[in-house]
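Labels for the chains are A, B, C, D and E, by order of writing; each one numbers its residues from 1.
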């Protein structure tokens, strides 16, 4: 049954314009967009670099000043534009460069996740993490684990992007 | 074409409709969806819900889809390629002109049927909108005359009637062994004669045998409504009456004849399409200038525009009222604004002024 | 009309080893709006920067994207280079293809693809950039210090010594705060007033310090660099400039009974016209109008007036409102002690010889009510056995506060030590939960009290105290031995917990700074900006932030001062222009933005028509206060507020460039 | 089957940055201009961002290109703003009616424009200047909020070079700079000071609604007949061809029966603009 | 009902006569006997138009956002308990000053579903009223200046009908099935924005959907644009929706919007203990935070 759904969806995608050439699309690595704060996670990711750690290439980082600036609707926009997974990451609670941006954001995302899931978006496709500037290794493991998770998810679309 | 008249039994009408489905036609009929009726594709006659007065929405979207691709584009560097859906098989599932499929509306009401030819005027008064025309050309309408209009109906006042055949290809009336049929157009005839089996289901009868229309009386004179609108643009009536309007636009979206649209581009940096979407004069942004100036500031201004357009402007331009009196705007209005009541009030006010 | 130049940096082999830089540049050149894309070995080198500058000039670029190392490395370098060519620095964007591509990936093909993507994102972002001017706020180079305790005094002196004018406002008639009430200070046992008094005098005499005692802050408006403050100078009933502090007035005042001395924590009495303590600064008395017979009896008594040589007593003086403009504020409002009476089982208020730690300080003090001889308040006898109880109210979420008051362990050890010094052969018992003695010399100090002075430390709580035959019977548990203990004491000293100064919440609201659930002011960042409040231009010092000891209070005072001196060292206060701005046409004034702003940077602004009628109220961003976090942008439903440098459009453009 | 919504691709030949947020774009289709008349408008689009309606700003007698001016304000204009010379712009048109040049021939004409409303005025003005001898005295009155907001600086110099042509430029009070040599004052005020008479003369007016309102009053004071005052209306439009239902004023579809109207015609319209 | 109407009319009359308000917004008889509609009264002599019954489905608080209505200044508003919560939220969100509104609360015994009333239903019972009436905790408004008590007995709830039962059903579904469910629902959407216009709390003068720089919500009236619109509408109402159900009632294509609103209200209450529209002085749930907020989903 489940397979049928997946096939149906793929078939449906196949003859519509936005699938951009079926077969090639399937081979394509899933795209992950990471919205990260400038002060903790971005630095954490940089640290992974200076430490020459290796991780999956799928992630594309968009830097914002603070998790408080990462509008949940950016996640929707990322899905709209074909991202398979979205990561939101910032400073640990209590460490926000702007005192409370991550707290406000956490509240919004709590509700937002519920809403997404309720509306039928596989919530496995959205990941949240607190990664400090010293946690290069955490960045690496979060990206790798998330990428693997996304690869295992059925290529099911969401309600925001064209099937 | 000279009209033709037939009788058809209840069993045969079912066969006829099922034949039309079997002939790979898209047959649209009123259909129950969770307790409300909408026009929708049917695969069997039994899917059709012919007992209700009117589906909640009209079948306007088969003439003017909610969203319609006007063209597609692709961009690479400074190269732009434009793909005309009227010339090429469209990608948006038959909404575009060229690929427009033959659609049969079965069981529409005379009011809904009347909307097509009324709208056809604005889509062809100068520039010809082939998107509309293609769909209109391929839309076959079999309507069933009403027996008992409800409180919100005012087709008679809107210069149609519960038994009007204006806009229908075939008009059915209940009676005899099932229905009497009046075939008004070649398209109607085409349906009946599509196969010999279909043709055999209909028994031709003389015009006289076809039941005559009842003497429907208009409760008020729509010309007087127009008369009032002609002279009273600044009447306080509009501002007071529409304090209760929340500007939701349901009246326009569920109206069979409202045809305003918006044009937008959608896509990625590489490719996309220009689409037109339903729009509504009830929205403040509809006429908002870039400068921030808005000619129609209040909801009163905006509802007045709707009245003016329907009962004055359109008639002056095209000699037709942009209203079929279906009453959907009233029935669906969450604030119980009743267009029949309003048009009638305006005609009375015109009376009072002239007296 | 975007004219964007792209530079792909090799960073030697750091980038070029893993990323096909030539291909990245070739792909970049194909992006609409990119007029030229080049690769270069080291963009950050002088020749590299010159290449950048040359292209900006030659190609009349409207934007530059560098695919290079992390923006945290060289964004400023490149921005400065761009500014030299007249390009707004915010038209420079960096695609991080070193730290986040070449150093973390091995597959050259995939790394190159990722680099191209990151570059595309930045090209699309820079297309939507708008010129941003950094915000410059003029500075009134004068500081206000609220609170004349040790941290306020330290802050005021440091600022004043830095050559900046200071206004010091103290609520009480004298500065000195809690510290001047202390006897000797741990762990060095130097006399508190010996080290405090000179500082107080220095404040009084400092040419750069304007001191308002017996004064309160009435109103604060404005923002960093430009605060307007109103100070209410309460009427002392003394013409201050004429007073010599001779004491003739208070010596003759008939009201010397029943008025408890605040300074001596109710252990002695004072007169209606009084100085709180002999070394008060300023040494000018004040008439307590709530008890003075002149005021109470319709002007009959004027003994002090009669006694006053310079005739500086004026019963008709009124409160005065003084307006000042300042550029920065230090909130050093100090602390209070919890009410001991919360603990009925300890009998405070019921038994005269159950006293607070601060009262014990006064009993120890040579300037105190007993001139430094330890005497029981009940009968004046010198106690031989004292029980000290720690954590009275502290670390007690049920009755008191959950936090540790930090100073009690140390001052109790000090009390026990001083008691042993003053009363030979005496015995101290200390009930404690834990001993926290973490600063330099503290642990040794406590050890000394135990080992050298013979104080007996009992780990456990006291369950009950009752009086029996002139003794206070203290029943408690010694959890280490598991025994119940019962001590017949002559006196019990309670180490009561520290709480924020009464009214500190009101003060915080007036200042527009945030405070925690207890009322302590919260730091802008607990680690990185411990001296700053959440509001720009307002700094914090002392116990107002939470429990701390004298050295820490002094350090915090100095820290606040150095922040202010740093702020004032420039001609204008400069903030990055990447701040929020409001579209006032579409703002509906729901003020969710204001609710989430941690910097009080959003205020209400009335939009009026020509006749002055308010059409609507909208949000307004104070550019001096906005820190540019963007929380307000997310809070806005109608998207009427946006963050410069990180506009919604820019983020969308970045996402769109990745569309698959 | 003709797709009436399908744009032609016009190529940007030149972009003139008029003010900080306005530009004039010169376009060609197949290397040349297109057939149109002053007063008409077109639908110009940045493909992928959307269409916007602008009147032509150039003289239709000049065959090497056609131009329009715009202010960046929304998504479509921001899209157009991002384009460079050589890029393509989607174009539909020309649409709408045009200035009746026959009626203007032999007469004195005053051209009055405010802000970006000068664009259609420029079109008809330059048309007349291109056949200068067919017309009487020409007066140009162009006003902007501030000196910074003045468009068409190069064109203005060209207009001044014609014989029997007065060019008056004004900025609103407070909008002048120290070295400003033009006039200072609102357009209607300056207009009344000009030596222009309404007999045997035509006035062409375009600008913001409030300016038009006062200019019409002034022109009437100066003796102009309502039939001889011609203006253009700038209603919000989408399709430009009488379908989308947006631009009507009473029974007049501005996109088809306009945008050029005489003051007389406007007077008979309901106040819905 | 007569007594109720009398009190309603007297209250309104007094308010108008004493110039305490310039406008009364209330209910009056509508286009058929089982429909009620809003009425705007400025003349004390017109108060006889006011009446109330189980067909007063509209949330009149919606009018408080209309500029045309705001112009009247002080307004007297007839509200049911559920709708009154909207007034509270408007005050909380600075859209309304408490001084400018006189709340004429009416005790409500439940409102008959309009689609049933249109088919002739006139009785108030658990099978005929809205789901919101079955879970209603505010038959008497929380905040009012005047209270008009109901003459009617409360209807009986025997538990046969589980309000918003579909929510649990959806929660139990697989994510794919939920996806399909909502896709089918949103496909019907015609983007008339009636849900927005009918909502008393959608008061933005420029809705996010009208902003195109950037284009937050695709303009198409197809699966993607519809889903985005419905999702963002629900998101903006999360923690704010007071459950009046007007969006769902207005929806001409019967999208069960209350299933989303109610679900979000439940989640917000569960996670943050916050109920919207209860306290005019409360901090809105998304205008504040707690350091100990729900953190489980974050790595």
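We take it that contacts are C-beta pairs under 8 Å (C-beta built on N, C-alpha and C of every residue); 3 or more make two chains touch, one makes a residue touch a chain.
Keep in mind that this is a model prediction, so the values were computed, not measured.
Asker: If we look at chain D and chain E, which chains touch each of them?
Answerer: B, C
Asker: Report which of C-D and C-E is connected by more C-beta pairs in contact.
Answerer: Greater number of contacting C-beta pairs: C-E.
Asker: Just how far, in Å, is the C-alpha centre of chain D from the one of chain B?
Answerer: Chain B and chain D have C-alpha centres separated by 39 Å.
Asker: Could you please state the distance in Å, as a whole number, between where the Cα atoms of chain A are centred and where those of chain E are centred?
Answerer: Centre-to-centre distance between chain A and chain E: 35 Å.
Asker: Quick check: how many Å separate the C-alpha centres of chain B and chain E?
Answerer: 32
Asker: Where the centres are mean C-alpha positions, what is the separation of chain A from chain D, in Å?
Answerer: 49
Asker: Multi-chain contacts in chain A: which residues touch at least two other chains?
Answerer: Residues 72, 77, 81, 94, 100, 104, 108 of chain A touch two or more partner chains.
Asker: Which chain B residues touch at least two other chains?
Answerer: 75, 78, 262, 264, 268-269
Asker: Residues of chain D that contact two or more other chains, please.
Answerer: 50, 74, 87
Asker: For a test of understanding, state which residues of chain E touch chain A in their complex under the given definition.
Answerer: On the chain E side, the touching residues are 170-171, 175-183, 186, 216, 218, 223-224, 227-228, 230-232, 234-235, 238-239, 260, 263-264, 267-268, 271-272, 285-286, 289-291, 293-295, 297-299.
Asker: Any idea which chain D residues touch chain B in the complex?
Answerer: Residues 1-7, 9, 45, 47-51, 71, 73-74, 77, 86-88, 90, 208-209, 234-236, 238-239, 241-246, 248-251, 253, 256, 270-273 of chain D touch chain B in their complex.
Asker: Taking the complex as given, what residues does chain C use to touch chain E?
Answerer: Touch list, chain C to chain E: 585-586, 588-592, 595-596, 617, 635, 637-640, 648-649, 651-653.
Asker: Which stretch or stretches of chain D touch chain C in the complex?
Answerer: So the residues of chain D touching chain C come out as 15, 17, 23, 81-84, 87.
Asker: Applying the document's contact rule, which stretches of chain B touch chain D when the two form their complex?
Answerer: 70-71, 73, 75, 78, 80, 82, 84-87, 97-98, 122-123, 125-131, 134, 233-234, 259-265, 267, 269, 272, 274, 276, 279, 281, 286-291, 293, 295-296, 301, 305, 308-309, 312-313, 316-317
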